[in-house]
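Presented sequentially are two complexes of chain A, the first with chain B as partner and the second with chain C.
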Partner chain A sequence: MSIQQKINDSPIEFAVQIINDVKNSKDEGVLKCVQCGMCTSTCPAARHSDYNPREIIERVLDGDLSIIEDDSLWDCFYCYTCHSVCPAGNSVCEVNQILKQIAVYKGIGYDKLYEYLGFADSYFTAAIGAIPEIFFTDIDRDVPGWWDFRQHLDEIRSELELDPPLMPPKDVIEEVSKILTITGFKDKIERIRSAEEESK
Partner chain B sequence: MRDDLKVGVFLCECGGNISDIVDLDKVREELDVEFIGQFENLCSLNGRKIIRDAIFDHDLDRVVVAACSPISHEKTFQDYVKPLNPYLMDMANIREQCSWVHSDSERATRKAITLINASIEKVKQSDAVDPIYCQTPDEVAIIGGGIAGMNAALSLAKQGTKVTLIEQSPSIGGHMAKIGKVFSPVKIAEECGMCLLNPILNELVWNENIEVLTNTKVIEAERRAGTYNLILEKSPRYIDTEKCIACGKCAEACEVEVPNDWNDNLSMRKAIYRPFGQSYPEAYVIDMDNCSKCSNCVKACSMKAIRLRGKSERIPLQVGSIIVATGHKLFDMEKRPEYGYARYDDVITQSELGRITGVNGPTKGKLLKSNGEVPKRVVMIQCVGSRDEKPDGHKYCSKICCTVALKNANIIKHKYPDTDVLICYTDVRTPGMFEKYYKHTQENEVRFLRGRPGEVVKKGDNYIVRTEDTLKGEFVEIEADMVVLSTAMEPSEGTEEIAEILNIGTTEDGFIKESHPKIKPVATDVQGIFVCGTAHEPKDITDSIMQATAAAAKVNEYNYGGVEIEPFIAEIDNDRCNLCGECIERCKYKSMSIQNDEIYIDPMSCTGCGKCLVGCKQRAITVNGNIDEKIMATIKGALSKKRDGERMILVFLDNIGYTAADNIGVNRLSYPESIHIIKVISVNRVRPRHIKYALENGADGVFIGEFPGDLMYDEVERKIQRAKNRLQELGENPERITFSKVYIPYFSGLARKFNEFDAKIAELDDET
Partner chain C sequence: MKYVPDKDILLFRSCLVSVEYPGVEASTKFVFDKLGVDYAISEKQTCCTGLGHYSDVFNQIDTSAIGARNFRIARDIGRPNLVMMCATCYAINKKSVKLLNRKDELRNHINELFDENGLSHLKYEKDDLKPSENIFHVVDILYAKRDEIGKHIKYDLSDYTIATHHGCHYCKVHYEDTIGGVRDPNVMDELIKECGCTTIGWYDHKRATCGTGFRQRYSNPDLSFTATADKMNAIADEDVDILVHLCPNCHIQFDRYQYLISEREGRSFRAIHLNIAQFIALAMGGDLDKVIGAKAHTVPIDSVVKDLKEVKK
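This part shows the complex of A and B:
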C-alpha cells in the first residue's frame, strides 16, 4: 500500500498534541524517538501479545490517528519498563495513557474499562482503590497461595506485629465520594457502566 | 587641563563617497578646534604627509580622523599620527555610519558634526598607552602519552621546540598500543596497530628535543603572563631504568600474580612486570600495591636495577604552552546490569575482544570463549552508554564504535568464517569513506539487525539477547554464545583532573571544551593551553593525530610570533587590594589569580570588560585607558550639539556589533539619522551612570547590542534589565532603553531594529 503525503498534511500535529497533554512529563521525548526498539525488547506485553511500544510512537509520529481505535493499546498494564529504559528519554507508557484518554473521550474502549469499574467503585465505598472481586479467581490461578494469604492477612499482620490495615474513617470516605462526584468522575463511570450494560 | 589640549581634525572626502552627501564646508564651520585639514583620500601616502605636517606645525596633542570606519583604517591612521602615540587618535565614522546610510544631505551633515564632536571630546580623554608585547617561553608540556600526545610532541620537537611529555602510567603508547588491529577506510583491510605505532614511539624516544616522564602527573599549575609553572609528581618505578635491560628474570622470580590490566584483566601478570612488549621506557616496573616484598626479584636481577625503597619526587617545570592529551576511558559496564557483563564470562566489551583477537593478547590471537571453545555466534550490541539519556548514560554518539564493531566483525570472519556475527544497531554511522568498509563487512557475511537490545539473559549454556527487529516490527530472542558490547568513550579521570588543575573549561559531558567548536578547534578557553585527541571528544586515531599536529602548529604560532595585546586591561592597586578574591570569582575570562600574595592579572586573557571593577569593594582595580571617562565624554560630545526637536538615539556596540553596523552601510541599506553609534571595547563597560547621564541630558533613547556568543552576554542582559527597572522607579519610561542581540551577517536585522527603535522613540516623544 502506498501512502501519499499531501502538501498541506501535517502528520506532526498528532505528536504535538501528545506532547502538550497534561499527562506528558517527558517534554519533547516523542519527537526524539529514533525507533531503536529498546522499549519493545523489554516490554512484557510485547512478548506475550501484539502490543508494540515502538510502533505506538512510530504511528504517533506518522500522525496515524487510527491507533486510537487499536485494540492492542489496552494490552499495556503500566509496568513502566519502557519508561525507564528509553535511551531518548521518552515514555511510551505515558503516551499510551494519553492515547487511551483520547479514546475514552471518543467513546472507545468502554468494554475494556468496564471490567475495571470495580476499582472505581471502591473509591466510593472505601476511599481507596481495591482489587475488584471479579479478578480474584484469575489472581489466585496466576499467584498460587494468594487467596489463602488474603484470607489470613489480619493474622499474618499481627504475627509480624503490624497494626491492622488502616481503613479511612467514614467522613473521609464521604468527602472523597463528594469530590469524585463534583469532579464528574462518578458521571463518567456511570456512563461507561450503562453504555456497556445496555449493549449487553 | 584636558580642555586646553590642541586637537586637529582631518576630514576625508573619500573620493566623493563622503563629500557627496556630507557638506564638509558646513562641518568645518561648526567645529571649534586648533586645526582642520581636508583631503580627498586621507588614507593615501599624501594623507600621511598632511596629517604629520599639521601635527608638527600646529603642535597638536590629539587627532580626530573623520573618514571611514575604524574597522577599515584605524591601524593606518594610528601609524600616520606618529610621532603621536597611536591611542591619541580617534576616528569618527562618517562613511559606513553616515554618508552610506543616509541620503538627506542636510541631516547627514548634522549627524557628521555630532559624530566628529563626540570623537573630539573622547580623544581629549585619551592617554598615551603602549601595546603590550608578550613573548612566551618556547618550552612546551604535553600531558598524556597516547597517540595524540606522542604526535604533538614529535611535531613540535621536529620544529625545534623543547617538549616534556608527561605520562601517568609506566609506559607511553596509550590505548592504541592495545587495540590490536586498525584499519583504514581506503585500504579495506585490517593491519597491525603496533606496527604503525612502534616507529612513532621509536622516533619520539630518539628525538633529543623530547623528554619523556612516565609515572608522572601534573599536580599543580600556576600561570603568569603566558608562563606556566607546573609542579609534577613522579611516582617511583622501583627499577633503575638506566640499568634495567628488560631481561625479565625478575618477573620469573616474582611470586605474586595479579590480573593484567593491559589485557583488560583477561590474563595474569606478576607484581614486577613490563606493561607490554614494546613499552617505553624499556624497563620493568613494580606494582607496589600488590608487591609482597619477598625480594625474590632483587636476588634474580643480575643488573642490580631494583630499588625497593623508591620515593616519589616533585619536579618543577616552566613552560610557555601546554597541550592536553589526556584521553578517554570506556563506559563502566556495571552501570548497565541488564546486559549481564559482570555476571556472564562471555559477555565482553569491544576492547576485550580487541585483546582476545590480538596476537599479543591473552589467547595469542585465538577467538576463544572462557571455556576455550570458539564461539558459534557472536552478537554485538551498539550504543552501550552512548546516545543514552538514561542515568549515567551519555547523550553523545561515541563516534568510533560502529567502525570498531565492523573491524572486529571482519577480523572474526576472516579467521572463523563459520562463526556467525550479528551486529544489533540503531544507526550504522560510517561517514565518508567508512561506508565502503561497511559494504565490505556486509560482503563478508556479517549480519545486521536494526534494534537496540533490552537485555541479555543466560539460558542453558548460551545467552539470549532480547531485542526487537524494528524493520520487521517483531520481538526476537537471539541465541548467542558470545556477546560483545560497544561501550561509550568518556573523559578519562586524568582529563577530569587536569581540567580542574589547569582551570580549563569542560563540556557538560566532561570533555575539554575548545574555545570555539568551528573556528578554534584546538584552543581551550585558557590562553596558551591547547587540546587534542579524545580528551576533547570521542574521535579515532586519524582525527587524534590531525588535531595533535594542529595543536603543535598553534603552539608554534605563539613561540614564533609572540603576542601583541591592546593595553586596555585591568590593573590592581596592591596598596588597596585586600586579596578578598572577589575579582577572581567574577572574571569570566579566568585572567585573575593570586600569586606571591598579590592579585595577578594575565594581560593575555584580560579583555578589559570591567566586570571585576564592580565587585571590588576596595576600589583597587582600574582598567587602563580611561574607558569610563572616554565613554562619558563621547556621550557629552554627541549631545552637546543637539538641537531642539532633533531626535538623538545613542547606540553602544562592541567590535562585533560595530562591524554589523558597518555592514549596513557597506550594503547601502539605511536607518534614521537619529541613530548615533558609539564603539566600546566591551558593552559591559557601558555603566548605569552613562545611560542615566545620556537620558537626562538629551538622549531620547539608548540601544545596547551584544553578540550572544560573548561570554558577558547574560551579564549585560541582566544589567540592562536592572537599568530599565531603575528608570521605571524614577518615573521614566523604561522602553527608552533597549537591548538587542547582534550578529555580523545579520546586518539587515540590525538596520530593521534601528528603524523600529527610532519609531518607538518617536512615538514616546509624541506622547510626552
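This part shows the complex of A and C:
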C-alpha cells in the first residue's frame, strides 16, 4: 500500500482559491487551522446531524475538491459559532458559504436553491426579501393563526402608524432590479430556474 | 465602550420586522423618541438581501452592490449612521462595509458596473463608511443611552422571570464589535436591568442558535426544530415567562413555532417572546396594540402579561 503524499500534488491551491474569494474576511485563516475541533464541538449542526466543520477544513487542506458535492455542507445553520470560537482565526462558516458558491458556479446544488428563488423574485418585484410563497402552505400548517394574521397585516401596520408604506416607490424597485441585472444575478437565477424546471 | 452615535441615524428597515413583527419598528421609534435619539426612515432604502444571501441565492457581489446603494442613500440624506433592528441586516451591512473598504477589486468592480450602466451616483468610495463607527444594532444605541432609560419607566415588570436570547448575527459574526462580548452575551440583560428588572442571566444553551438556520427551517425542519428545542427546553427548565430577543428571525422561530415544538417535545412551553425594544416600550407605557404590535404575535402577550402595575415613584 502506498501512502500518498498529497502535499506534492499542490493541494494548497484549493485553500488559496478560498482565501482569494471575495467573501473571505479571514485572510489566510483557513491555512492556520490546527484541526483542534473547537468548531465541531460547539456546532449545532454537528450536534444533531452528520455535519462536521473540522472535517470540512481537513478536506479543503487535503485539496479534496469532491467536498463541493457533499450534501452535508447544506446542513450548516450559518450561526457563526465556529467563526466566533476558532482560536486560529479561521471561519468554517465562511468557508462553507464559499464552497457552496463554487458548487453553484459549477452547476451543483441547483435543486437546493430552487425553492429559495422566491427571494430573488420578491426583490425584483418589491425590493424586499419576503419569505417565498412556496413555503406558505407549510407555515400555515405549522403556525396557528399565521395566515389570518398576514391577511390583516395592513390593518396592524396602520394601527401602529408605520410610515413609509411597506412597498418602496417604483423608481427604487427599478434601480435595484437594474443593479441585480448588471451583477449577473438575474441571469444566474434564470439559469437555475430553467435547469430545474427542465429536469422535472 | 465603543463610540455609539445618537444622531444622524438612518433606522434601517427590515423585511422581517415589516411583515412579521411590525411592532418592533413602532416600539423602537417609541423608545428612541423617549430617549431623544435623532433618527429617520427612508423609503429609498431597500432590503439588505440577508435572507436570500444566507440561503445561498445571493452572492457577495449582489449583496455588496445593494449595500453600496443603501450606504449612498444614507450619506445623501446626511444620516451615515445605519442602525439595524435585525441582527442579519446588521451582520450583512457591516460585512459589506468591511469588504468594500478592504477589497479594492470588489469595490472597483461594483463602481465600474455602476459607471457603465448609468448608476454613477451610487458609487462607493473607500472608507465612505466605517464598519465600527457607522454600522450599529438598535441595542448598541439603547446601551449607550442606558442611564436615561430608568426615568421613563412606567410599569414594573420585575415580578416576571425574564431571560435573553442574543442573536448569533449580532454577537458572533463581528464579535470584535459586540457590546458585552460573545462568550457570555449580556447587553440585553443590562438593558433590562435599567427597566428595574433582573434577568436569570446565564442558562444552559444561552449562546446557542435559535435554530432557524435560514434554509434549515423550511428545507430541513427536523434539524431546525431539534436545535430550537435544546434552547426551548432550557428556557422551560428555568420557568421563564418572557424571552427577550434582538432579531426578528429568532423571534419567528420561537414565537411562531413554540406550539409545534411543544407538540414535538411533548412538553408545554409557555414563554412569550418580545424584542428588546418591545420590552422597554412596554415598561415605558407603550400601548399593546398601538406601539407593541401585540396582534402580530402567535403566543399571545396577554397569556403572561395580564396586569400592568405602575412603578412606585
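Simple rule for what comes next: the second predicted complex is superposed on the first by the 162 of 200 C-alpha atoms of A that agree within 3 Å, B and C clash if a C-alpha of one lies under 4 Å from a C-alpha of the other, contacts with A are read in each partner's own complex, and residues count from 1 in each chain.
Heads up, the rule we're going with is that contacts are C-beta pairs under 8 Å (C-beta built on N, C-alpha and C of every residue); 3 or more make two chains touch, one makes a residue touch a chain.
Since the model is a prediction, treat every value here as computed from it, not as a measurement.
Judged by the number of chain A residues each one touches, C leads among chain B and chain C.
By the document's definition of touching, of the two partners only chain C reaches A:Val22; chain B does not. By the touch criterion defined above, A:Arg47 reaches both chain B and chain C. Contacts of A:Ile182 after superposition on the shared chain: chain C is touched, whereas chain B is not. In the superposition on chain A, A:Glu55 makes contact with chain B only, not with chain C. Overlap of the chain B and chain C interfaces on chain A comprises residues 47, 84.
Interface residues of chain A facing chain C in the complex, by the touch rule stated above, are 22-23, 25, 44-45, 47-49, 74-81, 83-84, 97, 100-101, 104, 109, 112-113, 115-117, 119-120, 123, 127-131, 135, 138-139, 142-146, 149-150, 152-153, 156-157, 159-166, 168-169, 172, 175-176, 178-180, 182-185, 188-189.
Of all residues in chain C, only 15, 18-19, 22-23, 25-26, 41-44, 46-52, 54-62, 65-66, 69, 91, 95, 98-99, 103, 105-106, 110, 113, 116-117, 119, 122, 168-169, 171-173, 175, 182, 207-209, 211-216, 218-221, 223, 226-227, 230, 256-257, 259-260, 289-291, 293, 295-296, 298 touch chain A in the complex they form. Listing the residues of chain B that touch chain A in their complex gives 338, 383, 387-390, 393, 426-427, 450-455, 466-470, 473, 475. On chain A, the positions that touch chain B within their shared complex are 34-43, 46-47, 52, 54-55, 84-89.
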